[in-house]
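Next up, some structures in structure tokens.
After this come two complexes, each holding subunit A, first together with subunit B and then together with subunit C.
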Partner chain A sequence: MISKQDIERKLITIIAKSLQIPEKTVQMNSRLLIDLEAESIDILDIRFAAEQEFGIKFDTEEIRKMLLQAAQENQLSEKDIPQFFTVERFYDYIVRKIEQHNA
Partner chain B sequence: MSHQKVVITGLGVVSPFGIGHHIFWESLQNGVSAARKIDTFDASQMPTQFWASVPASDDTLNEHLVQRKTGKLLTRSGKMAMIAAAEAIAQSGIDFSALQPERGAISVGAGGIGLNDPDVAAIGFDHGGWLASNNIPRDNEGAFWAAMVAHTHPLLSVKAIPNSIAAHLSMLYQIQGASTTITTACTSSSQAIGEAFHKIKYGLADAVLAGGADSMTNPSSLLSFSLLGVLSKNNAEYAAASRPFDRDRDGFLLGEGAAFFVLESLEHCRRRGAQPLAEISGFGCTSDAFRITDEPEDARGSINAMRQALREAQLNPEQIHYINAHGTSTRMNDKTETLAIKKVFGEQAYRTPVSSNKSMFGHLVAGAGAIEMAASILTLLHQVAPPTINLNNPDPECDLDYIPHSARQLNIKNIMSNSFGFGGQNSCLVVNAMM
Partner chain C sequence: MSAQSTSGIAFIAGGTRGIGAAVARYLVKTGAAQTLFLNYLENSAAAEALKNELQQQGATVHLLPANLAFPDAVRDMFEQVAGLTDRLDYFVHSAALTTFKPLHAIRSNQWDLTMNVSAKSFLTCTQGCLPLMQHGGQVVAISSTGALRFNPDYGALGIAKSALENMVRYLAVELAPRGIRVNGVSPGLISGENLPPFPQIDLLVAETLRHTPAGRLGTPEDVAEVVHFLLTGARWMTGQVLVLDGGCSLV
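Here is the complex of A and B:
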């Protein structure tokens, strides 16, 4: 089974490759849409590459709800989602999906 | 409003000889063939086993992009277009973002990018094979489509749209006026340049980034053109396969590449102190209204395009010093084009040198008109006309001066460049040396 360190390393590689930026620029607390300046098509590309890499299928609605919840916990709303879309939250989601898949 | 004079201030090329206009011109004037045996896939069962691909992998092309991130959004032809456009912009020194937003425009000739892209072909060809290799009955087509949903890249559609090149150019260079994409097979980019010329001439824009690109050097495109019977099958002597106007010609050499230009009004060029390379003065554009791939025997469409271009340039046939022919090396084109030249030029046809660049770098399809315009501008700048190579046995029906074998020094002020395409489109440009 893939280790969490491997997931983190591979996810960072995927993001860096898609955005054509050095891997060291991609930190776990980097916000994809703000700090890394990803646009909507980049997210599609990253998501596809991650799905292929980890052999799982992502649910856009699940991700949206996860980020909305994080926003609401900080008394913010849907429009503030980009602030909470960090590499770490994406990583957490992937780990959870892999665990569900293997359960 | 008086008509504007239109000049070219920058050109850029990605050709089967390599990246940049220097290697392109060096190869053309030395009569080099860019044909090579296909080594990107096993073509041993294909009727045609060679082409003139650009000697750069997709990864290498990505490294040449101004914004490397866009590599994933561009097909191979898109990448080549961006590289050629960057060279043209650099030479011209123009800053499109400094123009009034609506005064800078884009005009691109592009092919059927999506359908011919290897990304698409890889999926499309896998249907039966995928089911068999997964031990799924052939009638369970749903399983195949489910796999397609899981494995098709989500950015396929934005890569495949024909206006993708124009869109990326607009974003990169902040060109905010009209964006035009023309898809008329082998006339696409010639027409794109012609439309750009008219836009400036009639005062609708000050500067236009114009050109075209195509990449059909992939298995599905090779297959489709092979089956249409338009490609040479001279696998044994592939470097001599493209032989326009030769008695033994048997089809064209498939090329790929891009060429882009900065077109400006002479006024705008002077205002910013730029150096014009050449002037465009005539554009003719017609349709045969006949058949998809056959040309009418009387060559009426080609003749009318050439006459229109001459009329607009206000030149007589005697004032055209060289013709950059469409010259595909197919039985039909070379004969019909020769006839058209004779009809338009009369006796003068025998005194006007004509040559086909396609003998060297093949047919760039939607990019053909643009790359041949690049060759024409370089011909004017160097006063050397590139040859028609491999013309060993002249066809009695093709009896003009095709500059066989080696380049020729000439005094050239005015050049006519022809492009004709599947579907019956004909396009002709007249380009002039700066005085």
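Here is the complex of A and C:
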């Protein structure tokens, strides 16, 4: 089974490759849409690559709800979702989907 | 489960939203197709809603979630289709994905995704349809007037649509001996969810209306009507792309 360290490493590679930026600029607390300036098509590109790499299927609505929950826990709303869309939350989602897939 | 039927059997890539969904509705409404295979990328809720709507009208609908950017996914999808039917009569390609920005600012990954979903998948899906069109068939690609003329922030998709239109011509010649006609439609700005979500859209809509003799934007139903004609009539027409823009490109 793939280790969490491998998942993190591969996810960072995928993000850096998609956005054409050095891997060292992709930190776990980087906000995809703000710090890394990803656009919606890039998020899809990263998602597709991650689905292929990890053999899982993403659910856009699940991700939206996850990010909305994070915003609401900080007394913010849907429009503030980009602030909470970090590499770490993307990673957490992937780990959870892989665990569900393997359960 | 069998998908055999005496009416037409249609496969629509990008078939659960926008023009693709309008074509599905039109084919069912007119009785041209009663069995539909509708591909989509995401938004399962919208896909299920359309399926229920069409099934209430007596159609049999098979939803095919698949990412057309990947030829493997297209291959898997057509294996699924071949398990449900031994023939397809109609293939409509209405799948597109892009980002709206100046062409010179497009990144490589954005270009690749635009081309793979909006252009290459027309080829891979046609290849998937061919074994199921041994008796002949009709193919229609949904292009856009941005394939031939500049539209702001539309470069990547415009070029993908140009490739699509050239594929229409090449495939039309190659597949004519098999009794398969290949045509396209090239709509101008279409109202509703098809309006490109770029910042200057209000300006573009106003300019389009100013130059459109018909005095309005097109609708998905306007396009579906012509797609229906190309699928069910137009027997001597192949390799053509019809402009549907209310006369805008003439002015």
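To be clear about the criterion, the second predicted complex is superposed on the first by the 103 of 103 C-alpha atoms of A that agree within 3 Å, B and C clash if a C-alpha of one lies under 4 Å from a C-alpha of the other, contacts with A are read in each partner's own complex, and residues count from 1 in each chain.
Note that a residue touches a chain if its C-beta (ideal position, glycine included) is under 8 Å from a C-beta of that chain, and two chains touch if they have at least 3 such contacts.
What you see is a predicted model; the values in this text were computed from it and never measured.
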item: Fit-or-clash call for subunit B and subunit C when the two complexes are aligned on subunit A; value: clash
item: Touched partner set for A:Gln20, first subunit B, second subunit C, both or neither; value: both
item: First (subunit B), second (subunit C), both or neither touched by A:Thr60; value: second
item: Which superposed partner A:Ser40 touches (first subunit B, second subunit C, both, neither); value: second
item: Contacts of A:Ser3 with subunit B and subunit C, given as first, second, both or neither; value: neither
item: First (subunit B), second (subunit C), both or neither touched by A:Phe48; value: both
item: Partner chain(s) touched by A:Gln100 [first = subunit B, second = subunit C, both, neither]; value: neither
item: Clash-bearing segment of subunit C relative to subunit B, given 60-68, 186-194 or 222-230; value: 60-68
item: Subunit C-contacting residues of subunit A that also contact subunit B; value: 18-20, 41-42, 44-45, 48, 51-52
item: Residue numbers on subunit C that touch subunit A, as the complex places them; value: 42-43, 45, 67, 69-70, 97-99, 101, 107-110, 113-114
item: Subunit B residues touching subunit A - in the complex, by the definition given at the top; value: 68-69, 71-73, 150-151, 153-155, 158
item: Partner subunit C, residues of subunit A touching it in the complex; value: 17-20, 39-42, 44-45, 48, 51-52, 60-61
item: Subunit A - residues contacting subunit B, complex; value: 18-20, 41-42, 44-45, 47-48, 51-52, 57
